[in-house]
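Following this line, the structures themselves.
Presented sequentially are two complexes of subunit A, the first with subunit B as partner and the second with subunit C.
Up next, the complex of A and B:
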C-alpha cells in the first residue's frame, strides 16, 4: 500500500488526551489507559506528538531517546514522527512510513521529536494554503494522519492515542481535527478550571475553520474528519485521606464538572450535538487520585502503575482498577464507532 | 562434551538392544512434553547431534533450537536472524537486569554479528526487544562485567565472555545457570586465623 496516495483511515479509533494547561497528567494517563486497554485485549498505538517527547522518554530509555533524536534527521535511518513528516516539510516528497516501537505488550509507540516544533512552524502557513486550495497545504496538514493510517492498519491497531503538548498551537489543531474523540484531563487546581474556559471556544474555532476548508477543498486531497467528539473528562491529582478526597481538593471537583458542562459541552453542542454526547457527571470517565510513589516509579521504570516495582501492592491494585474502569468506559462509549468502523 | 565422539564410540556395542533401550527412554521422556515441545526438542536434538539439518524435518526453527545450537554449530546459526530479539528474550526469561544484559549481549554477538558493543547498543536492543527499560543501563552493564558475563574489549567496548555465553545458553534453566556461574566464581582464599599463622610460623 502506498500511504501517500491511498486514504485509508482503517478501523482504529483516534483519541487525543488534551488540555492546553500543562502538568495535568496527560502523558501518565496515556500510558496507563493504553496499558489497561491492552490488558483487555486491544492493540494500542501511542503517538508522541509533543515536541517535549515526554511520552517517548516515559517508555524508552534516555540514551535510546537521545540516539533516536540524533538520527531522526537522517534520510533513511530516522524513526521518530519528525522523520516521517520531514519530506513533507522539506517539500522533497511525501511522508516516510516509520515502524513503531513495541514497548508494552500490545502497546506501540511512534516516538516524538523536538524537531516537531519545526513542523509546527510550517503548519501555520500550510493552514493558510488549505484556505487557498493548495495541495501542499493539505499534504502537510494531513501528514501525521496519513502516517497513523498506515501504521494503524499495518499493525491492526484498535485505538490510537495522541499525546498532545500543552498548548493550542497548529500541531494540536491538526491532531484534534484528526481525532474521533478527545479526553480532557483536569488537575484539581484553579488554573485547570481557568483553562477549561478557553478550551471549548478554541475547539469550536478549529472545527469551524476546518469546515470552511473542507467546503472549499479541491477534489483528490486527503481531508481530516474534523469532528472530534468529547469522550469525557478525568479529574486528577487530588489527595485522599481516610477514604475521602481531601477538603482542599474536594472543592475543585464540582467546579471542574461545572466548567466542563458550561465551557465545553454547551459550546460544542451549540455547533453540533453529536460533538458532546455526554454531559454533567455522566461525562466523567473516572477519577485518578495522586498515586504518589507509584506514579513517579511508573515514569522512571517505563511501566504502567500496576506493574511498577514500588509502592504497596494495594496501591498498585487500586491503580489497576481505576484505569481498568476508565478503559472499559472508553470501550463502551466508543462501541458504536467501533462497530461502524468494522462495517466499513 | 563431544557428543559426536560419544555417538561414534557407541557403534561397537550391540545395536539392537541398546537402541531399543535408548528409544524407550527417549519416548518416555518425550511423553512428558506437550506436542509443540516434542517437535521442538526433536529438532533440537537432531541439530545438536548433527544428524539431520532442521530443514529436513520440515519445521520452523524454534527459539530454543537457536539457543542450544548456537554454542555448538555457530556456522549454522550465527547468520540466522529469523528469531527476533523479543522472541529470544521470551525464551530465555531473564529475571534481573544483569541477566538481561547477558542475554542481549548474546543476541548481539550471535544473531547480529556484533562482537564488540557499547551500553547504548544494549539499550537499543532492549528497546527493540520490547523489554522494560533498564533502571540504569550503564550500571547493569557494569555489574554484568563484574560478574564476568562480559569482558572489556577495545575502546571502552564490551564483549560477551565464555562464562556469559554458557550462562545464557543454560537459561531458562535457572539451576543450571546458577551452577555455571558458581563454578566459574574464583575461590576466595581463606583467611588464616592468628592461631594458624602462629602455628605455621613455628
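Up next, the complex of A and C:
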C-alpha cells in the first residue's frame, strides 16, 4: 500500500480540542475525555501534534520520552509523529507509519516531538505549493492525516483527538482541516473570550482557502476534508465555592456563550450551515471547574483525574461524572443520525 | 456594428456570463499562476526551455473584452441561424482565453523543440491538451514546416501567425486556458493588430492593408533570423571541421 495515494480515511472521527488562547487546559481535557470515552467502550487515538509535547509529557514517563526524542530522527527507529513525517520534509519519500503506544486501556498515543516545529516551518511553503498544484505541497499538507488514516484503521479506533498547540499556525491549519469536529475550551477570562473572534475568522479563512485548493488540486492527490464542524464548547477552570460558581468567574459564563454564538456559530453558519450544527446556547458540552489537587495530580501521575492517587474520593467521582457526561454528549452528537438531524 | 437585434434577455445573459467570470476570476488566475510557476521554473533551470524562450507574458481577460467577445459570438450564431449555447456551466471551458499565456521566442525553427518541451512541461504541471494544438499560418512554407513537426495548421486570412495550445488542468474545476507561442517579430505584428483591429476591424482600408504588409515583413524577419542562425551554425561546423583536420 502506498500511504500517499490511498485515501482510506476509515470510520474514526477526528476531533481537535482547539483554542489558540493558551492555558485553557486543552491537554487535560484531551486526556480526561479520552479516558471517559474509553470507559464507555470506545477506542481512542491521541495524537500529540503540538511541538511542545505537553500530551506526551503528560502520559509518558520522562525516561521513555527522552529515549523517544533521542531516536526520533533515525531512519527506522523513530516512533514520534516527527519520525513519521520526516521523509516528506526531507523529500526522500512517503510518510513512515509508526506504531502508537497504548498508555491507558484503549487509549493509544502517537508521541509528539519538539522537531515538529521544523515540519511546521515547511508547511508554509507547502501550502503555497498546493496553490501551485505541486504534488509535494499536497504530500506535506496531508502527511499527518495519512498517518492517522493508517494507524486508526490498524487499531480500529473510534475517536482521534489532535492535541493542538495554542496558536493559529500552519500546523494547526492542516490538523483542523483534517478534523470532522472541533471543541473549543474557554477559560473564564477576558482573553479567552476575545480569542473567540480570531478563532472564528481564522477557521473561516482556512476553510475558504482550502476550498480554493480543492478546486485547483490535481486529480491524483490526497485531500483533507476541510469541513471541521463545531461540536461544542467547554468552560474551564473556574472556581466553585459551596456548589456555586464563584462570582468573579460566573460573570464570564454568559459572555462565553454570547461569544460562541456571535463570533463562532454565526460566522461559520454564514459560510456553510453544516459547520455549526448546534446553536451557541445548545453547544455547551459540559463545564469543567478547577479540580485543584486532582487536576495537578492527573498531570504529574499521568492518569485521568478519576484514577489519580490524590484528593478525596468524592472529588474524583465528581470529575469522573463530569467527563463521562461530556463523553456521552460527544458520542450522541457525532452519531450519524444526530449529526444529520442537527443539520436540518 | 449592428447591435440592433440584441434584446433585453440577450443583454441579461451576457451580463450574467461576465459576472460568472468575475466570480471565478481569482480561481482562474490561481490556475494561471500555477502554470506560470512551472514554466518560470523551467526558464531559470538550465533546461531546453530557458535557451529557447525569450520572454513570457500572461494576462486575465478584461471583462469588457469578454462581453464584446460573447456579443460577437451571439451575433455570429444569430446570423448563421444557430443557437448561442454558451452558459454559466460551460463558459470557463468554451472561452479558452479567460486566462491567457504567451511564450515569445526568436525564430520559427525553434518551434519543434519548444513544442516538445512544452508538452513535457504541461504533463508535469498536471494539465492535458483540451484540443490538438494548431498553428495559424497564411503561407505554404509555414504550413509545410508546422505539419512537418506534427502541428496542425489553420489558414488565417488576417495573416495572424501563432501556435495555439488549449489546455485543461486535471482538477475538479473545469476550465481551459490558451497558450500562444510566437516569434518576437510576430508579437510586434500581433500587438499592433490588436491595437488597430480589435475588437472590430479598422474602417480605414489603408490601415488594414499596412497591417497586412507588416505581417509579411514580420514573417520575413523571423525567417531571416532562421537563416542567420542556420548560417552561423553552418560556419561554426565548418570551423570545427577545419580545426579537426589541422590536428
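Simple rule for what comes next: the second predicted complex is superposed on the first by the 334 of 344 C-alpha atoms of A that agree within 3 Å, B and C clash if a C-alpha of one lies under 4 Å from a C-alpha of the other, contacts with A are read in each partner's own complex, and residues count from 1 in each chain.
Note that a residue touches a chain if its C-beta (ideal position, glycine included) is under 8 Å from a C-beta of that chain, and two chains touch if they have at least 3 such contacts.
Values in this document were obtained by computation on a predicted structure and should not be read as measured data.
*Asks:* Putting subunit B and subunit C on the same copy of subunit A, do they fit or clash?
*Replies:* fit
*Asks:* Output check: A:74 vs subunit B and subunit C. Expected answer is one of first, second, both, neither. What do you get?
*Replies:* In the superposition, A:74 contacts neither subunit B nor subunit C.
*Asks:* A:301 contacts which: subunit B (first), subunit C (second), both, neither?
*Replies:* So A:301 only meets subunit B here.
*Asks:* Considering only touches as defined above, state whether A:214 meets subunit B (first), subunit C (second), both or neither.
*Replies:* second
*Asks:* A:60 in the overlay: touching subunit B, subunit C, both, or neither? Say first, second, both or neither.
*Replies:* first
*Asks:* Hey, in the superposed model, what angle do you get at subunit A between subunit B and subunit C, Cα centres, nearest 10 degrees?
*Replies:* The three centres form an angle at subunit A of 130 degrees.
*Asks:* In the overlay, answer first, second, both or neither for which of subunit B and subunit C A:133 touches.
*Replies:* Second partner only, subunit C.
*Asks:* Taking the superposition as given, tell me the minimum C-alpha spacing from subunit B to subunit C, whole angstrom.
*Replies:* After superposing on chain A, subunit B and subunit C come no closer than 45 Å at C-alpha.
*Asks:* Could you please specify the touching residues of subunit A with respect to subunit B in the complex?
*Replies:* Within the complex, subunit A contacts subunit B at residues 59-61, 63-64, 67, 101-105, 300-303.
*Asks:* Could you please specify the touching residues of subunit C with respect to subunit A in the complex?
*Replies:* Residues of subunit C touching subunit A: 26-27, 30-31, 33-34, 37-38, 125-126, 169-173.
*Asks:* Which bits of subunit A are touching subunit C when the two form their complex?
*Replies:* Against subunit C, subunit A makes touches at 131-134, 212, 214-220.
*Asks:* For the complex, give me every residue of subunit B touching subunit A.
*Replies:* 86, 119-120, 123-124, 126-128, 130, 132-135, 137
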